[in-house]
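First the structure, in the form of structure tokens, and then the observations on it.
Chains here go by letter, A, B, C, D, E and F, matching the order in which they are written, and residues are numbered from 1 within each.
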Amino acid sequence: MTTETPKIAIFPGSFDPFTVGHESVVRRALKMFDKIVIAIGFNTTKTAYFPLDKRIAWIKKVFADTDRVEVYSFKGLTVDYCKSVGAKYILRGLRTAADFEYERAIAQVNKAMFPEVETVFLLTLPQHTPVNSTIIREIIKQGGDASQFLPSNYNIRE
Amino acid sequence: MTTETPKIAIFPGSFDPFTVGHESVVRRALKMFDKIVIAIGFNTTKTAYFPLDKRIAWIKKVFADTDRVEVYSFKGLTVDYCKSVGAKYILRGLRTAADFEYERAIAQVNKAMFPEVETVFLLTLPQHTPVNSTIIREIIKQGGDASQFLPSNYNIRE
Amino acid sequence: MTTETPKIAIFPGSFDPFTVGHESVVRRALKMFDKIVIAIGFNTTKTAYFPLDKRIAWIKKVFADTDRVEVYSFKGLTVDYCKSVGAKYILRGLRTAADFEYERAIAQVNKAMFPEVETVFLLTLPQHTPVNSTIIREIIKQGGDASQFLPSNYNIRE
Amino acid sequence: MTTETPKIAIFPGSFDPFTVGHESVVRRALKMFDKIVIAIGFNTTKTAYFPLDKRIAWIKKVFADTDRVEVYSFKGLTVDYCKSVGAKYILRGLRTAADFEYERAIAQVNKAMFPEVETVFLLTLPQHTPVNSTIIREIIKQGGDASQFLPSNYNIRE
Amino acid sequence: MTTETPKIAIFPGSFDPFTVGHESVVRRALKMFDKIVIAIGFNTTKTAYFPLDKRIAWIKKVFADTDRVEVYSFKGLTVDYCKSVGAKYILRGLRTAADFEYERAIAQVNKAMFPEVETVFLLTLPQHTPVNSTIIREIIKQGGDASQFLPSNYNIRE
Amino acid sequence: MTTETPKIAIFPGSFDPFTVGHESVVRRALKMFDKIVIAIGFNTTKTAYFPLDKRIAWIKKVFADTDRVEVYSFKGLTVDYCKSVGAKYILRGLRTAADFEYERAIAQVNKAMFPEVETVFLLTLPQHTPVNSTIIREIIKQGGDASQFLPSNYNIRE
């Protein structure tokens, strides 16, 4: 083994809502990391659609089968949160080329501010490519049934 | 620790030539993996500019300071090579959106053929974004000095 | 003929305002479809710049020369509106690669929710590539003359 | 019905080989067009991997269940071939943003040369996004099993 | 010399805040133009984070070493402002492919409205690629230290 | 005036063939530069479709109306050719996002090798967006009429 230090990654996002695509990325990344902290950025000025406490509770339920996934909210810079939980890795899923350019800018700025952090990207599965939180949230707002895009035990009506 | 099995990644490519961008990706990935196998795809029909044995020797010299990087050539499918060396991870660097779309197709096809394999992407550093082997090779062909784009102890005149 | 059922497409959007690019897409698509329903998404929370009734009236005037184009507003999911008017096709124009990625996500989610629907894309003409409603609206807001980007009989001062 | 003239589309390509993605596009487009002519561009200077007669025979077998799909090869400009078979539509599938930019240039040049022709784009299904002929051909060249990416009754060993 | 008329370019933006990337573009462009007018678009409806007078004062200080850079705010269309200051060139920096598509639409619409104007693009330096005002502003909002992304004599705490 | 030194730009390419898009970029750039050297890269290993001497003669004829455009071929690195003709600017046209990513890599590597050189980008006009040499050459190879995509006095049959 290369190191005794546990490999901790944070998976930051607003998860408004958390989708099947997010779940798949976390489950596949669990093979690489010892612990994954799902970190919900808490922004006082920008209002989310789903309440923060609901989002935390729903995601916790999705990963009730493992103690290697933790779910928290955080304020401030992502890199500061990494330092506070001892994470050297930021995990992100990539769906499209547009995603990529946005993610690259964030990741390179994060590395400029905290050189020891590394952003690690996994691809979403092909069938999850169109699933993004904005579209899913819009379906729910319009009264549609979005359950096929949400984790199987994720009940947004709870 | 989550597992006793060593985490092995292959870093496949033609590396014609291996650049500072490639070196940076491997060195940063060494924190995540126990062993990285740099795997030079050997294609009988498509001729490389630099001879295979030279490329292997040069890359070995770059990583002479660690025994956790190995350098080999391989024939056939990348996923078959992964199986043969026990690698569950394919490591790739991402520079641009155009890169991303190409890499995504390859990675998703690889996963369809070998579902246990995961392609893991790191970003190149901002200053390495324009450095790709095709451009560097062209500079060398035209008699230019490409040393700033190559690993410091990588002597293509050797 | 392959079928007796009329081929109905909806052309959804906010059309705030409807541009020469939109008109061109609809006119060219009229050769493929028996009826095109221009469907203005009605969103109670997001305010449009031009009033809904004005937008409907202006677009109706553009297509006063044909009874195969109808103009309505709708609430709720696009796929539900398709079902309600018997449309099996969603028509969209594509201008740029950024457009494409956004449109692809929407279209693939729509198909996941209503598998019989097919989104059909036509290209905008080269000279219409830079014409998008956001830019045109901004020109009008700033007091500029945007008439070259609007259908010839589309009078936003009416 | 808007017209008595049958709606004919050509689906041009080299199909080296024809994939599940191609099949899906043609089958979905059959609802929109009366006849689809799969038109294999025949290029004397650029050599395909699979022989032309094999490609024609394989594709014919895929669509043996319908007489509304025809398979031919052609030389010369795509727009000239459209005129010769009476096609006013060129059908293309779109997978990625990189695809889109290439397809847009071809389609806009075609329209400049033959203004009555319209290129109509359908999306590939999400699960077919990574499937392109170049990657599939490479798998076959390397001795891999590509059957999951080929139409079910398409036997490249025949 | 080709002309006696001074070559004047405007460099329009909201500069909320002005970054090292912006500074680099202006300094390199000073070799091509006789005068560069940094023109801060003044939008009554959209609120900037930093006050307009602060942004003007900060940028003036950055270019205190040259009288060929002027800093103003403006209302209305960019092309009208060009006319009012006698500028035939609009200067813009390009970082990413996403930037490019947005900039192209704006530039082509500007040219349609004022055919004598030419938008001239310079690239940002590789190390400035991830630096955009939105990300930098977010860092400052969260209380982070963004000084490495700002011009050296640009003190946002003044 | 900022400087007594004439502003010289090179416009490098293979121009196989030179198109209306190329002509438009050069004519618009003539307002910015004192001299533009159209520099045809001469590559001994890669064969062009049109002979080098023909391409030079055709382009010279296009710009017979001005003595501020010169046409030459060159071998070796573009930056070395810049030095040899005293050019501090490399002029390039941008059509698409795919173009942009390729051009950015070349330009950033050129600047790394010759820091005084600046690559200056102009956009092609919207109607020229689909016109690229590869597509035009293919039309000519297939016996089609490409005259609408070529400069008006550019006779490829001469």
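To be clear about the criterion, a residue touches a chain if its C-beta (ideal position, glycine included) is under 8 Å from a C-beta of that chain, and two chains touch if they have at least 3 such contacts.
Note that the structure is predicted; figures quoted are calculated from it, not measured.
Participant: Applying the touch definition from the top, give me the chains sitting in contact with each of chain B and chain E.
Facilitator: A, F
Participant: Enumerate, in label order, the chains that touch chain B and chain D alike.
Facilitator: A, F
Participant: Repeat of B-F among B-E, C-F or B-D, where over half of the residue-numbered contact pairs coincide, is which pair?
Facilitator: Residue-number overlap above half with B-F among B-E, C-F or B-D: B-D.
Participant: Any idea if chain C and chain E meet via the same residues, over half in common, or different ones?
Facilitator: different
Participant: Quick check: more C-beta contact pairs in C-F or C-D?
Facilitator: C-D
Participant: Averaged over CA atoms, how far is the centre of chain A from the centre of chain C? Could you give it in whole Å?
Facilitator: Roughly 34 Å, centre to centre.
Participant: What whole-number Å value describes the gap between the mean CA coordinates of chain A and chain F?
Facilitator: Whole-Å distance between the two chain centres: 46.
Participant: Quick one: report the Å distance separating chain A from chain D, using the average Cα coordinate of each chain.
Facilitator: Centre-to-centre distance between chain A and chain D: 39 Å.
Participant: Counting only residues that touch at least 2 other chains, which ones in chain F make the list?
Facilitator: In chain F, the residues touching two or more other chains are 96-98, 101, 104, 107-108, 126, 129-130.
Participant: If two chains touch, include that pair; go through all of them.
Facilitator: Taking the chains two at a time, the touching pairs are A-B, A-C, A-D, A-E, B-D, B-E, B-F, C-D, C-E, C-F, D-F, E-F.
Participant: Show me the residue ranges of chain A that touch chain D in the complex, using the header's touch definition.
Facilitator: It comes out as residues 96-98, 126-130.
Participant: Hey, which residues of chain E end up touching chain A in the complex?
Facilitator: Residue positions touching the partner: 96-98, 129-132, 135-136, 139, 142-145, 148-149.
Participant: Which residues of chain C touch chain D once you look at their complex with the stated criterion?
Facilitator: So the residues of chain C in touch with chain D come to 1-3, 6-7, 28, 30-34, 68, 88-89, 94, 97-98, 100-101, 104, 107-108, 111, 118-123, 125-126.
Participant: Under the stated contact criterion, what part of chain F meets chain B in this complex?
Facilitator: The touching residues are 75-77, 79-80, 97-98, 101-102, 104-109, 112-113.
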